[in-house]
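Everything on this sheet refers to the single structure shown next.
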Amino acid sequence: MTAELPPGLAIQKVDERIMTLNVGPQHPGSGHMRIIVQIDGDYIVACDPDPGYVHRGEEKMAEYRNYITNIPHLERPVIHDSCNALYPYVLGVEELLGIEVPERAQYVRVICSELNRCIYTMYWLAIYGIFLGHSTMFMWPAGDRELLIDLMEKISGARVTHAHFVPGGVRNDLPPNFEEVCLRQVNYFEKRIKEYAAVFYDNPILISRTENTGVLSREDAIRLGTTGSVLRASGVDYDLRLKEPYDVYEELDVHTNVMKEGDSYARSKVPWLDMLESCNIIRQALQKMPKSGSVRVKLKPNPKGKGLDSVYKRVESGRGSLGCHIVSDGKVEPYRLKLSVGSFRNLIALPYLLKGEKLGNMPSVYWSLNYWPVEADR
Amino acid sequence: MSTDTKQVTSEEKPAAKPAAKPAANLPAFENSISDKIVEKFGDKIEVEFVKENRVGIKVDKENIHDVAEFIRDGLNYDHVESVSGVDYPQDKEIEVVYHIGSYSDSSLAKQILVLATRAVREENPIPGKDATKLPTLRDIFYSVEFHEREVFEMFGVYFTGHPDNRRLLLPEDWADLPPLRKDFAIKGR
Amino acid sequence: MSVIAPDFKLSGFIKAIINDAVWFLLIFSLIGFPIIMMILFFIPMPVIDGELLTPFLAFTYLADPTRTLPIVQAFMTTDMFKIMAFPGFGFAALLAAGTIFVERKMLAKLQLRVGPFYCGKIEGILQLAGDGLKLISKEIIIPAKADKPIFWAAPVLFVASAAAFVALIPVAPGWVVADVDMGLLAVFAVIGFFPIVTILSAWSANSKFPFIGGIRALFQMVSFEIPLILSLLGVVMVTGTLNLSEIAASQSSFPWIVFLPVGAIVFFITMLAELERIPFDLPEAESEIVAGWLTELSGMMYGLVQLGTYLKLYAFAALFVVLFLGGWNGPMIVPPFPMELATEGIELGPVTAKIGGLEPLLTQVITQEMLNGTLMFVLKTVGVIFFILLPRGVFPRIRVDMLLDLGWTKLIGLAFVNIFIALALVYAGVLGPGGLQ
């Protein structure tokens, strides 16, 4: 009887002491996913993440659209970080088609990418704040994020879904006077996020409840293949902007932020430090950018790959390494497109970390994994 | 980014490189990696391509477990970034591509080792109960756990030895073809 | 340009007004009037000018202020008025409504936003009324497997417990609903009701998240009641009484917070925990257990629980004021009412308007002491409420094991320290007989 049922529908027998909680998908602390948690008293004995509630088949859709019409929908999995979401795809298509990108366009891409990283991280931080019951930390980042959204709106014309990167450069040149406005807003933004330390990161209650919870050791972080801030919070110095620099990152002075603790607190602090670093990168890029020049290479209509070929390109997004594996068979559409996203890779750590934790630590551990459910589902 | 370091060693790609680039021997480090694997396994494997920072290797499914073990223990790769399935209906095969990287060895930080293997493809798939099976790599690389679950539901490739062969993204009551196969057509397209 | 009511006709307007008036008169005479009569039949009416006030006489008097004011005075001294309006429920509900508004606006300013803004034109002052209307108009959904009678009763019990708590608070000298000698013990007894109501509601909902929330609330309230009670013992020792009015009156020269600051701090922290406010809002931690024990409550049931919560907040703040901040005591800042206006009447040129019955009202009921005491009490209470609201913008939520650790080890220890301080003060003769008071 039960053997005929699909695996997820089979009724599992559990101990009478154990209570099974469906955290999500309609739960304020889950996002667009379900975490099936089994608790014994206040302790979690097992945890089974069940993503897929916002699976949109981006990979299947990409097989039906050509290389240019794929651009707008590929940023949909994570609209707050849309430039970074498109970045590996654009790099991969450029390698497939053999396009050289003008230098100014590369700098514009770096600026957009860093701005988007901050926009995403602010949104993530806002939710992290409200997950811990800190409503001020929900409102402040959500408000200060507007500074950078305004900048991105000036660049691309859209507040969140920019679709600004295209194979061969960026869609439009920067607006006039952008450098001054950008510098001013980024400086103010940096001043604002430094204030967050006083209300959030140095808050004794926050420290006492997130320190030593959900500790991911360095070895486990490597073994589980986590990425991004989760990896760097566990003491692994790995940032693709440094390790495998794409575009003009090798000409910029990039520092990574590494913490050794590997607990929820470190995982929540590393993205914040990354935002401060992003401000530095934006300032450097504004300074070093060529003041004029082309930002886009004209492509032929309906560009095609050269026969059977495959590329795997990756960038450092707000959630870690974001890879794009494109298989081309010489047609105008990609034969297969696979997105390897940081959220999906970090999700594997969730059951590992939650086992034996207290139920009260579930939101902080879960969201400190820098997990974006929509991106993980694609 | 420059693409002029691309070098094709496989015979399958005659279309590439009309004019041979002068920097054809640039990816020396990458060549040394592929040489090590060739030295160990000989003709059990096939080097698909050696590009800048990327080494592509093709293995039969009988040998993939040993090759993966050597990649971990002998070459210091330690995690899998991505597992993609690629459906080739004309070959009646499904290719599963592992992108393997390394955090612990800083000389390998740029490198991605692309390990590809192929499974038999059946026209009327019964996921988990037909011949579309591959040995799992989870006991070697723990990080493939969710990726292999995804490939199982999206392509119907059953990974023997995987401890948790459940669906991940698709709903539990999905009763259609595995959706990323080429013969699963989107409506209206 | 829009035209208001383009089809306006004066005849139709008059017709509508007459129509409404007729219906109002009909309904009032058929239903309203009998109800008023029935109510008045059961209320013992006062004796005015040697004449028992009957309902008919009361309606006759309504036209004449010299006869109405004694009725008002008589009404203000009834228990019904005390329970429903001034020191009791109505007053507390008014302060609670103000608290909700202040909380929203203050939190909004703290978080760089505007808060309620549109409803009621001026800074969203009618937002609460709007929310209340919304809650009343919403459907009440009961879980299918809930224990329905208990589930229905729990919100009402919650409000009733909060109102019982409010009834024990003395607002001004003599203005208290229940002036019992064992007032503080009664307070402890009433506080003991809240975890029971909470666990009843949570258990009867027959749902997992309310159950966890209810268990957490039970843990939290029960374990914080012990430091709460211990922290108040110091005040009882130095005053030698359990009567809240006497405790408040004993602080005419200085409040007890001067001598017992440790007790005040312990009481404030336990108060936050009993009120389930951030950082102790574990029973309602929305990112862990949806809304905790409130998850299955809907519509006005939820509204009632919120009302009860804010009544409880007022009552705890008022208890803090009575026990540690001197209750109604304070400088006399309300000016005395110019009594010659009441005795000799108001002269407006040639006309002299003399309102009889104002003088006894002002000398016996609404006295200067009462007004000043109420003002002082309200000022202090609002200050304490402000400090209760403030942590919500600053702190994240703590975890249940940290909470229990705090309650059982640190706070109980501090409460004992407070008791020793009080004992030392009494035995050294600083306070008590022979001391300052």
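Labels A, B and C are assigned to the chains in the order they are written; within every chain, residues are numbered from 1.
Assume a contact is a pair of C-beta atoms (placed from the backbone, for glycine too) under 8 Å apart; a residue touches a chain by one contact, two chains touch by 3 or more.
For clarity, every value in this text was computed on a predicted model and none was experimentally measured.
Asker: Kindly work out which chain lies most centrally, taking the average of its C-alpha atoms as its position.
Answerer: A
Asker: If you tally contacts for every chain pair, which pair is highest?
Answerer: Most contacting pair of chains: A-B.
Asker: Could you put a whole-Å number on the gap between the CA centroids of chain A and chain C?
Answerer: 48
Asker: In whole angstrom, how far does the Cα centroid of chain B sit from the Cα centroid of chain C?
Answerer: Measuring from centre to centre gives 69 Å for this pair.
Asker: Please tell me the distance, in whole Å, between the geometric centres of chain A and chain B computed from their C-alpha atoms.
Answerer: Whole-Å distance between the two chain centres: 24.
Asker: In the complex formed with chain B, which residues of chain A make contact?
Answerer: The contact residues of chain A facing chain B are 6-9, 50-52, 55, 57, 59-61, 64, 91, 94-95, 98-101, 221-225, 227, 231, 236, 238, 243-244, 246-247, 306-310, 312, 314, 321, 323, 325, 327, 330, 335-336, 338, 340, 344-345, 347-348, 377.
Asker: Touching residues of chain C toward chain A in the complex: what are they?
Answerer: 107, 110-113, 208-209, 212, 278-279, 281-282, 285-290, 392-402
Asker: In the complex, go through chain B and note every residue touching chain A.
Answerer: 1-3, 6, 12-16, 53-54, 56, 78-82, 84, 86-87, 97, 99, 103-104, 109-110, 112, 114, 141-147, 150, 165-174, 179-180, 184, 186, 189
Asker: Which residues of chain A touch chain C in their complex?
Answerer: 19, 21, 27-29, 42, 129-140, 143, 199-200, 203, 205-206, 208-209, 358-363
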